[in-house]
Each structure stands twice: as structure tokens, then as C-alpha cells.
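Please go over the structures that come below.
One chain, chain A, appears in both complexes that follow, with chain B as partner in the first and chain C in the second.
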Partner chain A sequence: MNWDFILKYLPLYETAALLTVKIGLIGIALSIAVGFLCAAVLYFKVPVLRQIVIVYIEVSRNTPLLIQLFFIYYALPKVGIGMSAQLCGIIGLAFLGGSYMAEAFRSGLEAVEPIQAESALSLGMQRSQALRYVVLPQAVSISVPAFVANIIFLLKETSVFSAISLMDLMFTAKDLIGQYYKTTESLFLLVVFYLIILLPVSILGSYVERRLRYAGFGS
Partner chain B sequence: MPDLGLDVLFKGKNMLRLLGGLWVAVRISLISVALSIPLGILLGIVMTFKNPITKTVTRIYLEFIRIMPQLVLLFIVFFSSTRTLGWDISGELASVIVFTAWGTAEMGDLVRGALISIPKHQYESASALALSPSQTYFYIIIPQTVRRLIPLSINLVTRMIKTTSLILMIGVVEVLKVAQQIIEANRMSSPNAAFGIYLVVLIMYFMICWPISMLARYLEKKWR
Partner chain C sequence: MAEVLLKVKDLVKQFDGSTVLDGISFDVRRGEVIVVVGSSGCGKSTLLRCINALEPIQGGSVELGGEPVVHGSKNLAKMRQQIGMVFQSYDLFPHMNVIDNILLAPLKVQKRNKSEVRAEAMELLKRVGLEDRAESYPRQLSGGQKQRVAIVRALCMHPVLLLFDEVTAALDPEMVREVLDVMLDLAGQGRTMIIVTHEMQFARAIADRVLFIDNGKIVEDTDPDTFFENPKSDRAKQFLNIFNFERSK
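Let's turn to the complex of A and B:
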């Protein structure tokens, strides 16, 4: 292990990690928004939109992010939709994550039995109140584990961005291996930086999971 | 409507080459799944042991493999192990090693989850009915575990197939690489080929993974 090398190239990794985190955060925020909308469309059975959402979810869940990125980055410009690599990465992550988040929210909503909403209505609550005070709190609690797993999954998926020449952690590591042949040091830094990004998320995630595990008592 | 380069697909053996590339990826994922299912069952059983040493070791293995992006693991095995261990492995072998390690971790966690989800009264009722421990396992526990596991492990197959698209990054010639080659070769005659070819690759992955996901969902509903 050559520590001089590690110290010298640490800043490169820092920049790359910031890019990974930045794209990851924007992509995840967008996928939560997309997922929320899709889950709402499915839950309220909005006609037409519902079919579109179902097709979107199936396509997005059954194709790899790498291929989606290739399609967005290399194929779409051919029909006149050209975007920067960063924007492609964000859109790709949101496209993939949207369906995973939608499934997480939907399964949470579906897990709340209809009798809960019906009881709320019979107690004189309005539909919006029943949703706000009875259905959503339970649905959120049930979907938290899947939600946390999705966030970690999406952060991990950002590692393929180097394929569309974004200078992320993978790109930096590969570049350094190619230039200086310092394989061990480059990969060591890579692992350390991914641990720095992912471990806190994982630990925080399981903490939140424990705190929000209040729905579905008795089972 | 501009020329989208779909005609390139039907030139020469391009379609066959793409399918051949797809087969490389699918074969690697099938081998890895076939290896990780028995290994994962073993790991899952070991993880239910109360022994603190096995508990810590399996836990660290599981957490590390699951928290690292698969691409990082591929890089470690492909670039680093060749240097530190002094062996020379092909990209395909490296991918099989990584995906088996990853699949074993995922499968192990599924098996552990399925095993501890069997309520204690199942064991107790079985012994109250005078079944021997081996009978309890064969007739009571394993059938219930398998029912919970099969849909989840089918899902693992689709995840594996999707993840094997990463092997492009360590230089294995699979479907995406073949697609790039075809696009490069036809750059002059059909500059828009990228659209048609990548679209077809996307559809190919979809046509493989979608039926498998549907099957998993069907079984999950049926056996609930």
C-alpha cells in the first residue's frame, strides 16, 4: 500500500464522490416524486393513466439501468433529444427508481385493509381525513423497509454512471488503474469512499425502520 | 420519420450476434444462480445458528457484499485479485465469482428470513404429534419454507440477469458490447443505428426478465 499515492489522489475521489452523491440525491428525490405520483394513480385507479403507469413500471423494473442509460445517452440524441451526461444520469436514475418507489408505496397502501378506511368513514371522517389520519400513517410505516432498501439500491446503482462518461467514483478508480497501475490503492480508495457514502445511509435506514415500525401490530 | 437504423439489425448476422451476446450474459447469470442457490441455502441455515462466531462472520460477509455496488466487487475481483493472488482469470470467470458471492448473500438472507418466519408453534405442534425432528423438517418446515422461497428466488434470477449487464465494464463481450460493435461498423451507412440497436437490446432484456417476474408474482399470489 502506497500511502503517498493515496494522499495525492484523495482530492480526486472527493470530487468524484460529491458528484456521485449529488446525482444520487437529485435522482432519488425525483424517483420519490415519480413513485408517489404513480402510486397515487394506481391507488385511486385513475383511468388511462393507470395503464400507462403499469407499462412504465414493468418496463423500468425489467430492464437494467445500464441499458436504460445507454438508451437515454446514445440513442435518444438520434431522434433529437440530446442531453448532458449528468442530466442523463439523473433522468435514468429517476426512471429506474420511480418504479421501485411506486411499488414500495403501492404495497404499503394496499397493505392497509379497506376496513380501516371504512371504519374511519363511519366515524364521520371525510375521505381526506381518513386518508390523512388513518390510511397514510399505516401505509408509510409499512413501506419504510422497502423505501430504505430502494434508497440504498439506487445509491449503489449510481456506480454504472461511468459508462456514460460521468466522472464518478468508478470512473476515477478505473482511470487511475489505467494511468498508474496502482490497482490496490485505487480500489482501496474506491471501497472506502463507497463505505463512507453507503454505511451511514444503511445505519440511519435501519434506525428509521425500527422507529417507524408501529403499523400492523399483533402480526 | 427519420431513419432509425432498424434495417441494420437485419444486415448479415447482426441479429444473431446480438442474441449470442445476450446468451453470454444470460449464461453467466444462470451459472451464478445455479451456484448461489445451494450455497445460499447453506449460508441461510448457518445464519440461524446461535453461535456468536458464525453469526458475526456471516453478518460481516452479508453486509459487505450487499452494501458494495456489484460493479465495485467486479473491479476488486477482476483487477485486484489478479494482482494480489497472481492468477490470471478471464472476465467471465470473475463475473461468475462475483455474482455467485452476491447471489449467495442475497439467497442466504432470503433463506434465513423464510426459516425464522416459520412460527415456533409449527415445531411444537409437530413434536406434540410425535413427529421426529427429521420428520418435522421434511413434512412441516421445508415445504412451508420452499413455498415462501420459490417466488423470491425466481425474482433473484431476474435481478441477476439485470445485474450481469455490468460485465460490459470489465470487458466481457456481451450484448451491449456487440451492439456497440454493430453501431460502430455501420456508422457511415446508417448513422442513426444507435437508436434502433439500443432499443432492441432494451426490448431483449425486457422480454427475458418480464415473463420471469410475472411467474414470480403469480406464484407469490398463489401460495400466499
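Let's turn to the complex of A and C:
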């Protein structure tokens, strides 16, 4: 292992990691928003929109992110929709993540017993109040494990961004290998940087899960 | 006689084409305790759910204090505030402790003063012997304790009518008693209640009137002594026989 090489190119990885985190965070934030909307549409069985959401979820979950990115980056400009590579990355991640988040939220909502909403209604609450004070808090906490798993999954998926020439971590590693043949060092740095990004997310996620379990669930 | 509080008229409830309640009519006067009995699946629980419009109905009407209770109507939430309901399964909110379970609706729905409702809730918890469990979460309580909290939660909304849907059916025998005692206490205070139960001795002790439902119809509507001693219909006789045992040796 050539430590001088590693020290020399550390800054390159830092820049790339920031890009990965930036696109990852924006993409995940959008995924959460999309997922929330889709889950609401499914939960309330909104006509027409419901069918659209179902088609979206199936398309999104059953095609690889790489293909989705290619489509956005190479195919859409042909019909006049051109975007920067970064924007493509963000939209691609949101397109993929939205469906995973939707499924996580939907299963959380469906796992709350109907009697919970009924008790709230029979206490004189409006439907919106029952949802806000009784159903949602329980649904969210049930969704947390799937939610955390999705965030980690989506952050890892960012590694395919190099395919649309975004200078993320994977791109940097491939670039250095191509230029200097320092395969071991380049990949070592790659692994370390992904761990630096993902381990805190993972640890925080387990902590939140434990806290929510402690807060009185599983009656 | 006290005035009529609840008026159920020609109520029809169908699920996917099959008729569960087939023209139910009865009045409940203020202060009356009505016990509804009948075999499983006869529509007793559905009747309670229709009274506070948790279920849409296909015919007839429900009126509380002269005002209609209609599924999906604008003032339904307002009407439901006057109807307290306790369910068979534990319907406490698991993410809130006992006191927050009780305070949620009075604070968010009725916008009442917190310290005042809290004082009332503690008073009621004391009355059902649970004043030391105010900070406990539902999962830390026994089934009987949960049901007593559910009753207090309903009472804190100051309902004019209380509905009990087989509230002891999921409890161990020792816990049944503690919940029934709370209900007897409520009856003693002159509260208006409709109780669905399989506890026949309790039914006889608490009821002013017994409704016997069979096949979606009210077959008997009478005082408890007449019902348990001299039921008119064969169906009620058969039903009551289920609770009698002959010596086997």
C-alpha cells in the first residue's frame, strides 16, 4: 500500500464525497417527499392518481437505477429535455427512491390497526386529526426500519452516477486507477469514504429505531 | 319518564348484499341502561357501530337528542363527541401514556383548559383505581387496566351516551370483574348506556331493558327479569339455554 499516494489524492476523494453526499441528500429528500405523496394517494385510494402511482412504483422498482439514469441523461435530451449531469443524478435518485419510500410509508400506514382510527373518530376527532395524532405517529415509527434501510440503499446506489460522468467517489476511484494503476490504494480509499458516509447513518438509524421501540410500541 | 335521548328507527345495515341489521327500531331514554344480547354474528356490535356512524347504513335513521347522526355528514364529529364508545380490543393509543391518551381528545377536539381536564382525568382515574398509572404506557398495563383507562378516556369527553362493545370479551376472568364494577358504578350514577355483552349475570344486574337480537331483528325488548325468567320467543329460550348446564353425573 502506497501511503504517499493515498495522502496525495485524499483531497480528490473529499471533493467527490461532498458531491456524493450533496446529490444523495437532495435526492433522498425528494424521495421522501415523493414517497409520502404516493403513500397518501394509495392510503386514501384517490381515483386515477392511484393507478398512476401503482404504475410508477412498478416501473421504478423493477428497472435498474443505471438504466433510469441513462434514460434521463441520454434519451430525454433527444426529446428536448436536457439537464446537467447533477440534476439528472438527483432526479434519477428521486425517481428510484420515491417508490421505495412510498412502499415503506404505505406498509407503515397499513400496519396501524383500523381500530386505532375508529377510536379516535369515536372520540369526536375529525379524520385529519385522527390521522395526525393517532395514525401517523404509529405509522412513522413502524416505517423507520424500512426508511433507514432505504436511505442506506439509496446512498449506495449513488455509486452508479459515474456512468453519467458525475465526478463522484466511484468516478474518482476509476479515474485514478485508469491514470496510475494504483488499484489497491484507489479502491481502499473508495471503501473508506463510503464507510465514512454510511456508518453514521446506520448507527443513527439503529439508535432511532431503539428509541421508538422504547417509547411504548408493541402493546 | 325521562325524555327520549336516542331514537333508532328502521335501521338497515348490509355488508356486500347480505343484511346484517334488518329494520331495527328502539328508543333509549335518558338514564336508561340497555343491554343488547344475542348469539355471535347476530349484529349486536354492528348496531353499536351504526349508532355512532362508524358504519354507513343502508336504511333508517339514528337520532341523538333530536339531531340526526349521519355517516359522512359535516357535524358527525360533533355528534360523536356526545357518544362515548369503548371497544372489545384494546384501543388505547400505544404511543401515548395513559394521561395523554385521556387528554388528547378533550384538548385537541374540545380545546378545553389543560389543567382543568387533567384534574378531572386524575379524579376519574382515582375512581377506577388507576391514579398511580397515569404515566404508564398501554403496553405496561393489564387488559383490565387498559379497558378501565379506555372508559375514563371516553368519560372525559362528557358524553351523554356510552356504548360498550363486548368490553370484557378479551379479558381473563379475574379482570372481567374489575371492568364490570366500573360499569355498574356508572349505571349507579344514572348514565345512559348501551352495553353489548356475553356476561349474562352482569346483564341481568345492570340492565333496565334487554334487547335480544336474532337474525338482524329485535326479537325481545323487555325488562331483564322477564327476559331471563320468561322469554317469549323460542329463539331467546334456546339462546338462554346455552348458559345452563345440567349435572353430567
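Note that in this section the second predicted complex is superposed on the first by the 213 of 219 C-alpha atoms of A that agree within 3 Å, B and C clash if a C-alpha of one lies under 4 Å from a C-alpha of the other, contacts with A are read in each partner's own complex, and residues count from 1 in each chain.
Note that a contact is a pair of C-beta atoms (placed from the backbone, for glycine too) under 8 Å apart; a residue touches a chain by one contact, two chains touch by 3 or more.
Please read these numbers as outputs of a predicted model, since none were measured by experiment.
Applying the stated contact rule after C-alpha superposition, one finds that A:118 touches chain C and leaves chain B untouched.
By the touch criterion defined above, A:85 reaches neither chain B nor chain C. In the superposed model, A:6 makes contact with neither chain B nor chain C.
Chain A is touched at more residues by one of its partners, and among chain B and chain C that partner is B.
Contacts of A:62 after superposition: chain B is touched, whereas chain C is not reached.
Of the two partner chains placed around the shared chain by superposition, neither chain B nor chain C is touched by A:136. When both complexes are overlaid on chain A, the residue A:126 reaches chain C alone and has no touch with chain B. When the two complexes are overlaid on their common chain A, residue A:33 makes contact with neither chain B nor chain C. By the touch criterion defined above, A:49 reaches neither chain B nor chain C. Residue overlap on chain A between its contacts with chain B in one complex and with chain C in the other: absent.
Residues of chain A touching chain C in their complex: 113, 115-116, 118-126, 129, 133-134, 137-138, 141, 215-219. Of all residues in chain A, those touching chain B in their complex are 58-59, 61-64, 66-68, 70-71, 74-79, 152, 156-160, 162-163, 170, 173-174, 177, 183-184, 187, 190-191, 194-195, 198-199, 202. Only residues 2, 4-5, 63, 67-72, 75-76, 79-80, 83-84, 158, 162-163, 165-166, 168-169, 176, 183, 191-192, 194-195, 197-199, 201-202, 205-206, 209-210, 213 of chain B touch chain A when the two sit together in their complex. On the chain C side of its complex with chain A, the touching residues are 52, 54, 77-78, 80-85, 87, 89-97, 104-105, 108-110, 137-139, 150, 153-154, 157.
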